[in-house]
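Take this structure, written in structure tokens, and hold onto it; I'll ask about it next.
For reference, chains read A, B, C and D in written order, and residue numbers begin at 1 within each chain.
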Amino acid sequence: MHEWALAEGIISKADRIAIENNLEITDIVIQIGELQQIDDEILQFALEQLRTDNMKKARFTLETIKAKLKCRACGEEWRLDLSSLDEESSEAVHFVPEMAHVYIKCPRCGSPDFEVLEGRGVWLASVRGVRKDG
Amino acid sequence: MHEWALAEGIISKADRIAIENNLEITDIVIQIGELQQIDDEILQFALEQLRTDNMKKARFTLETIKAKLKCRACGEEWRLDLSSLDEESSEAVHFVPEMAHVYIKCPRCGSPDFEVLEGRGVWLASVRGVRKDG
Amino acid sequence: MADPRLEILERRLANVRKIIAVSSGKGGVGKSVTSVVLALALRDRRFKVGLLDLDFTSPSTHVILGVRDLQPIEDYGIIPPVAGGLSYMSIVFYAFDNPAPLRGLDVSNSLIELMAITRWGELDYLIIDMPPGLGDATLDVIRLVKNISFLIVTTPSILAFETVKKLVNLLNSLKTPILGVVENMVMDDKGRIRGEVDKLGVRYLGEIAYDAGLEASMGSVEKLKGTRFYVSLERILKGLL
Amino acid sequence: MADPRLEILERRLANVRKIIAVSSGKGGVGKSVTSVVLALALRDRRFKVGLLDLDFTSPSTHVILGVRDLQPIEDYGIIPPVAGGLSYMSIVFYAFDNPAPLRGLDVSNSLIELMAITRWGELDYLIIDMPPGLGDATLDVIRLVKNISFLIVTTPSILAFETVKKLVNLLNSLKTPILGVVENMVMDDKGRIRGEVDKLGVRYLGEIAYDAGLEASMGSVEKLKGTRFYVSLERILKGLL
């Protein structure tokens, strides 16, 4: 349920964009890194509930971005199999994605020193709207 | 004169690429971040001297990339006026570009917490060549 | 792409009256013990107090407090559990006893993530236990926590004080408020540090003697409250409030 | 784009027989003093020794050694100056007394840059003074310096030892060799740490007592060589060689 906290951030950022550009927002695209294993139904619901007057009819599109990791020690690039994490680790990464460095190792050399090339965090990818009168 | 050390790295990397791809190298493009204030005549000379058999006739092209900084504290983006650095600071940044965070501050808010968007370090931008027989 | 976390971070701290980062250029000077004891002493004066451990790669406050079997509650974000009367947050709730090999970028991201989702509610004080050095965590709290002030810890050693000078220098150039300097682990008082702190134009808040009984009090809030360390910090606190 | 620095870094260390990182999960345990004294003690046994300070945001070895008015020489790279008989390299040659507020990425870049241009020449030992924690510098030396081994420093405190356990755990999982653990600042020996180190399957190298005379020796190689600290480390060294 900390998806609500993330939704709050998204709505607030979008609302600020609306105000600064005098927009009535029609479309909001949100990218969700797979690593964080966000429950997108909850996130979607939270967004609907928290929407402001500047985005009354806005459509929220959630896109999941696959996690892609690259080892700094040996150069290996890999896609993550999240089902390999036990529940505790999975929970930890859900709250703080960097905990990946605690629970995940490079499949080739065993190093926790990897880069998350793609699939980390929750981002506001784009906001579209129509200019309001006045 | 530590330009020789940098040239050594460039030549060795290019040579490895030549060997791995069985190439006779014809063109090497090197990007030099302005921040580091490399003496490109010395670098060019060093490259000529250190060239290996896999790059006998290679042309070395040096491109200087202007330094562009962005403040993490206030968001300001700016191009650096390197002439504003005194000799000691300038020398320090020449050897270790990160010393920029010691001697340079954001012109808007005074923070040393900025990102070097462009113009750091010496990079091998591209290597071209023709495949050798055999 | 916009990072929505930065948008809420400030709001999460909106109902916190005073935020104090306990910091030093150096490790091992007593930042963590000072953070915990400061938080406990404020709590004893009936303030609502939070404690946040930002030393992600070597957290200590959970060991000092003796935190065991606690976990934040997930509720429109996360609600810090209560330890020793303090609203308490640490990365160990997620890393447990495992090593957390985090690069600076990961430290920065973890810090932003945690601060964006943690709902402290109303607090009189939030005490932040900082990692040593002038790295990502220090730069991030300066940049992201608008109304922060720094409490600096040093020891009498020249090695510690040299790094403290640099921290003061940095904070001054950024106009970040410094509450003052606490001199910890004093063995035979020579007054040298007091003079040096005066020269920096920073308040010397007082000294805490080396306390051989401190180690035996680790992990017990009750025992900590009975230490000479606690008494010394109480005295310093009087001058701070 | 390819980073040419990584290409030469290894070659710069090609003529160094043994590389020892003096490390700990925690700050303030005596890594820097141990690094300096270890380097001096090796040097006294007629070895060629280099000392590299990688604690960029709070360097201390120059203060311990009393380095003043030295500067590397630029010559097809940079040649470390000699201090106390050691080939010596530190970021202070470039940052001087100024604060160096470096994020992890900057630490990593500075480390790579320095190691790529420094020409150590032939050395029997290169001692590296590490910053505390499991951050960029630690991960980079593990990743970039192939034949490195770690000497771990702890104090008798549970706070220090908890972080040392994590460091050992990390190094083991990466198969990075650990020379052993030195227990520093021992006041009343209870043997607790020795037992704990045994349990980790790591060698307990010996203890160094708290030395009240150490502080007065800071900045003088001659005085350092007359300390009880030096004598204790000498004894530990015998078991190491």
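Just so it is clear, a contact is a pair of C-beta atoms (placed from the backbone, for glycine too) under 8 Å apart; a residue touches a chain by one contact, two chains touch by 3 or more.
This structure is a prediction, so every number in the text was calculated from the model and none was measured.
Visitor: Ranked by contacting C-beta pairs, which pair of chains comes out on top?
Guide: Highest contact count among chain pairs: C-D.
Visitor: Roughly how many whole angstrom separate the Cα centroids of chain B and chain D?
Guide: 30
Visitor: Quick one: report the Å distance separating chain A from chain B, using the average Cα coordinate of each chain.
Guide: Computed from C-alpha means, the inter-chain centre distance equals 35 Å.
Visitor: If you look at chain D, which of its residues touch at least two other chains?
Guide: 98-103, 106-107, 139, 170
Visitor: Note the residues in chain B that touch 2 or more other chains, in rising order.
Guide: As it turns out, chain B has residues touching two or more other chains at 112-113.
Visitor: Tell me, which pairs of chains are in touch?
Guide: A-C, A-D, B-C, B-D, C-D
Visitor: Using the touch rule from the top, collect the residues of chain C that touch chain B in their complex.
Guide: Against chain B, the touching part of chain C is residues 139, 142-143, 170, 173-175.
Visitor: Would you tell me which residues of chain C are touching chain D in their complex?
Guide: Within the complex, chain C touches chain D at residues 25-29, 32, 55, 57-58, 60, 63-64, 97-108, 131-136, 138-139, 155-160, 162-163, 165-167, 169-170, 187, 212, 215, 218-219.
Visitor: Quick check: in the complex, which residue numbers of chain B touch chain C?
Guide: 72-73, 105, 110-113
Visitor: For chain B, which residues are in contact with chain D within the complex?
Guide: Residues in contact with chain D: 1-2, 4-6, 8-10, 12-13, 16-17, 31, 88, 91-92, 95-99, 101-103, 112-113, 120-125.
Visitor: Name, in rising order, each residue of chain D that touches chain B in their complex.
Guide: 1-8, 11, 74-78, 91, 94-96, 98-103, 106-107, 109-110, 113-114, 116-117, 119
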